[in-house]
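What follows is a set of notes on a single structure, which appears directly below.
Order of writing sets the chain letters: A, B and C. Residues in each chain are counted from 1.
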Amino acid sequence: MTDDWTIVVPVKQVPDADDVTIDPETGTLNRSDAPAVLNAPDYNAVEAALSLRERAGGEVVAVTMGPPFARAVLETAVALGADDAVLLTDRAFGGSDTWPTSLALAAAADELEADVVVCGEESTDSSTGQVPPGIAAHNGWAQLTYAEELEPRPDADELVAVRNVEGGHERVAAETPVVVAFEYGANEPRAAGLHRKIYAETEFEPEQWSAEDLGITDDVGLANSPTQVGGMDTADRAEREQTVVEDVDALADRIAEVTADD
Amino acid sequence: METPNYDNEFDAIVVGAGLAGSAAALTMASQDLDVLVLERGQSPGTKNVFGGVLYTPTVRELVDVDDAPLQRYVAEKRYGMLTETDETAVTMRPGEWLQEPHNDSYTVLRGSFDEWFAEQAVDAGATLLTETTVTDLVREGDREDGRVVGVETDRPDGTIRAPVVVVAEGANSLVSEGAGLRDHHDREDVAVAAKEVLQFDRDTIEERFHLDGDQGVAYNYFGEGAVGDAVGGGFIYTNKRTVSVGVAYSIEDAAAGRQNPQDTLDAFKQHPAVAPLVRGGRTVEYSAHAIPEGGIDAVPDLVSDGALLAGDAAGLVLNNGVHLEGTNMAVESGYRAGRAVAAAVDDGRVDDRALATYPEALAESFVVRNLQHYDFFQELAVDDREFLFSELPRALADAETEYFAVDREPKEAHAEAAKDRLLDATGGYVGAAKRAWKYRKLLS
Amino acid sequence: MTDEEASGEGEEPVHEGVWVFVEEHAGDVAGVSWELLAKGRELADETDEDLVALVIGEGVADVADEAVERGADRALLADDPVFEPYRAGPYGDQFRALVEERRPSIVLIGGTTTGRDFAGRVAVPAEAGLTADCTELDVDDDGLLLARRPTFGGDAMATIKCPDHRPQMATVRAGVFDAADRDPDRDGDVETVDVVVEEGDALSRVLEREVGDVADITDADVVVAGGGGVEGDFVAVEALAAALGGEVAASRKAVDEGWIEPARQVGQTGKTVRPDLYVAAGISGAVQHVEGMNDAETVVAVNTDPNAPIFEHADYGIVGDLHEVLPELTERLRGAPPEPTA
């Protein structure tokens, strides 16, 4: 095994968080009007991957599972500096929950002989955070979630991460291959270079793999999704009283009321 | 990681994917040129502000207008003169406007239209990069008078070269000024505009403005009731489900502290003639922008050192009080610039002599001809502001009140009084005649 | 796995029992575990099944006992040095082995950095359905778990079911449910199970673990947060927090300015808190911050700007300078009777 690492970055195309609405009649999400963008935490993941490449050497490959137009997020990743990208696209993937989704990404990471997989900590649409541990579990690889700092040790086939946990931090060393879930906002994503962006948006062509290419046709899609969405509705956002009081005493009274209730 | 270098891979770089930029890019791409368009906004149109109405004669030459995201066509125009309390207006609904092509006048939302228009250029083969701001032009040998051979942007490794650069950066023309292609706009040559987009539902808009289907209105107001004692006016345009209401006036007045755009806009919205039209709308957007209004004298050299200027960056906006046109001027200039570049590239020569076909063609076109014809107007409006914006509106209001007064007096007296009031304001018949002479060019 | 796969010859469904993971680190139990145990008790009562507590750690027999006191019918105890400190591999493997052996119907795990880390290591090999960050849990007449959770940054709520796959797993964050009370007279048994994990199997090692020095604001009942309006001086915020027995927190602005440590940041790129009382002082109320505190029971806002968006997300508010208002509040509340219990 060479010292150079193959760093795989799964990225996701999501509806622009500010623009999604619920159709009041059908109760379903109206995603079509919202422009599709790269999941915000994935920018931090790509940046973390690029930083690992700078220190450990190797190449960064972005991967996404989605319909053909999801290639746009691969172009974004390549513009930022990823060396290559793979689009996993197949009707068979339709309706997948996190189980088959992480399987597909795990199979791709395995196929690419990844040493490190760096994921955004969660997506802004479903926000489960389950895919990174899922990828690790499917492949029987180590995992490092809530990572805010990474230290590559390619000579020792190890990656060290600082994990942000309740009440403090821990530093954990994991054997490669390892799956990282990188914290949202934990680094400063770089801007895409001008010529790199032109390249990514014009000449670059991602590889395309189907479920069959990965040998997982029978293991993905709705039929292989343990969870099903039973229904969706608009959230009853907390109805706030929005009472503005004139003086501090009135406010103190309110607070005392609240804290007195046990 | 190997990244190709795109220096001189493109035949032309276009700065800005607004109306002028996309028109230029589309024209060049249709002639098989490789064009790179650099837009600073997240998508084309996000940084663009106008009243406004899109005038489509040239647009129609370039694209299929039926596919474009248009809001309403202008079925009715109104010119209103406002004192603080009165309105005197002329409303026009020529039957012809109700038929295709609707006098080539449509309201649009820039975020949608510009994005679509830029897409047409991309479909024709242009490359569009968004979220990329051009910060400077690159000159050969870094010499102040060196040929323009590319642009610098705010991205890492952000310099790229090309034989021709079309600068369509809009009214805030920092790049062309910084590169010495034009002077900074004189105060007196710029207007400031503030605009709100108010949300209603279709039914409310149609009822309130008496519209059917895709019909829309374009209202323009001036007078002291519109923008106080500044030189300028207010406007209302109807979109499908929203109404654009705004004010635009000379930046000299703004700077002198006489007015602040937000307050001016609020006051305009509260005018008794305007308030009922905008009542109840939810503000979904507020924007402010500059409008070049220097007329023909403020238009710089359109070609210099291998760079072409188009649209607002070249000061190509017509404002003679009744005609407020920037969109068609931008598209026409972009189109002409594109054609000139394509012809020059075809000929294998892109020096200024070869590119001169651009200003030459523009000089023959309505763009320059109109600017020249109305070049008297701006100065005249400023000189005559007291009369135009205060005395005349007041005189008309008083005269109307007098003339149409209902009482038990004989009408003759009222008519007399109305006439006297008007002549008072104009300086008698002679004064009126002098004025008519001064403003004759507006009608010829 | 599905019940069909498990039952093979078409026997009766074999997944039974409501399991709750009791999270502890060096013997300290995470509060969310007792909250889930209370909810688990409800669900177990409804489906007439056993409530089983899973205790994995080192030297944690007392934790297992407490789990029984707090409502578990049984506690399964896996006790070994390999489990301290926490690591995804050992916990995941042990838990998964127990799940596959004993076949629970429902498994609840706290949505902490620990729970959300290892839950997938159980769910994936067990082919179980896993739903994250549930805010409501119910069972229908067929014993099917109905897990409700927010999506799209909270704009929509989804109800998730696992019709065929077992166990039905869910993670739930701290503060959603109320904790189970302790009853020393409660009966139940503690079963020590075989440890199936060895140190040699582990793929990671913990080099350092520093907790306790840094605040854990996610567990607090009262949070007093300061934002841009604090202008470098958190004294007033700290005093009020102390008077109310709560934790100090902050907006991103205050953390970026270096006025307070990042562990106290509430928001999209910080922590999510669900206290009974959240005081937002000098915080404008940008959507990224509100997302981290919008589930607080009661929100109080203090800001000099009457148009600040925070007032729309508050139950009570006052327009004023926090450096004046908070000390006054602190005065007033210190004099007031009962100290709130945590």
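FYI, a contact is a pair of C-beta atoms (placed from the backbone, for glycine too) under 8 Å apart; a residue touches a chain by one contact, two chains touch by 3 or more.
These numbers come from a predicted model, not from an experiment.
Nearest to the overall CA centre, using the mean of each chain's CA atoms, is chain A. Of all chain pairs, the one linked by the largest number of contacting C-beta pairs is A-C.
Remark: chain A and chain B have CA centroids separated by 44 Å (rounded to whole angstrom). Centre-to-centre separation between chain B and chain C, using Cα means, comes to 57 Å. Computed centre separation for the pair chain A/chain C is 22 angstrom, with centres defined by C-alpha atoms.
Multi-chain contact residues of chain B (touching two or more other chains): none found.
Chain A meets chain B in the complex at residues 35, 59, 81, 83, 190-199, 201-203. Note for the complex: chain C touches chain A at residues 30, 85, 87-89, 92, 112-114, 116-121, 123-125, 127-133, 146, 150-165, 203-216, 218-219, 222, 244, 263, 268-269, 276-277, 279, 294-295, 297-300, 306, 311-320, 325, 328-329, 332-333, 336-338, 340-341.
Interface of chain B with chain A (complex): residues 1, 3-6, 36, 43, 127, 129, 132, 153-160. Listing the residues of chain A that touch chain C in their complex gives 15, 17, 20, 22, 29, 97-99, 102, 124-130, 132-134, 136-138, 141-146, 160, 163-175, 178, 183-185, 226-238, 240-249, 251-252, 254-256, 258-262.
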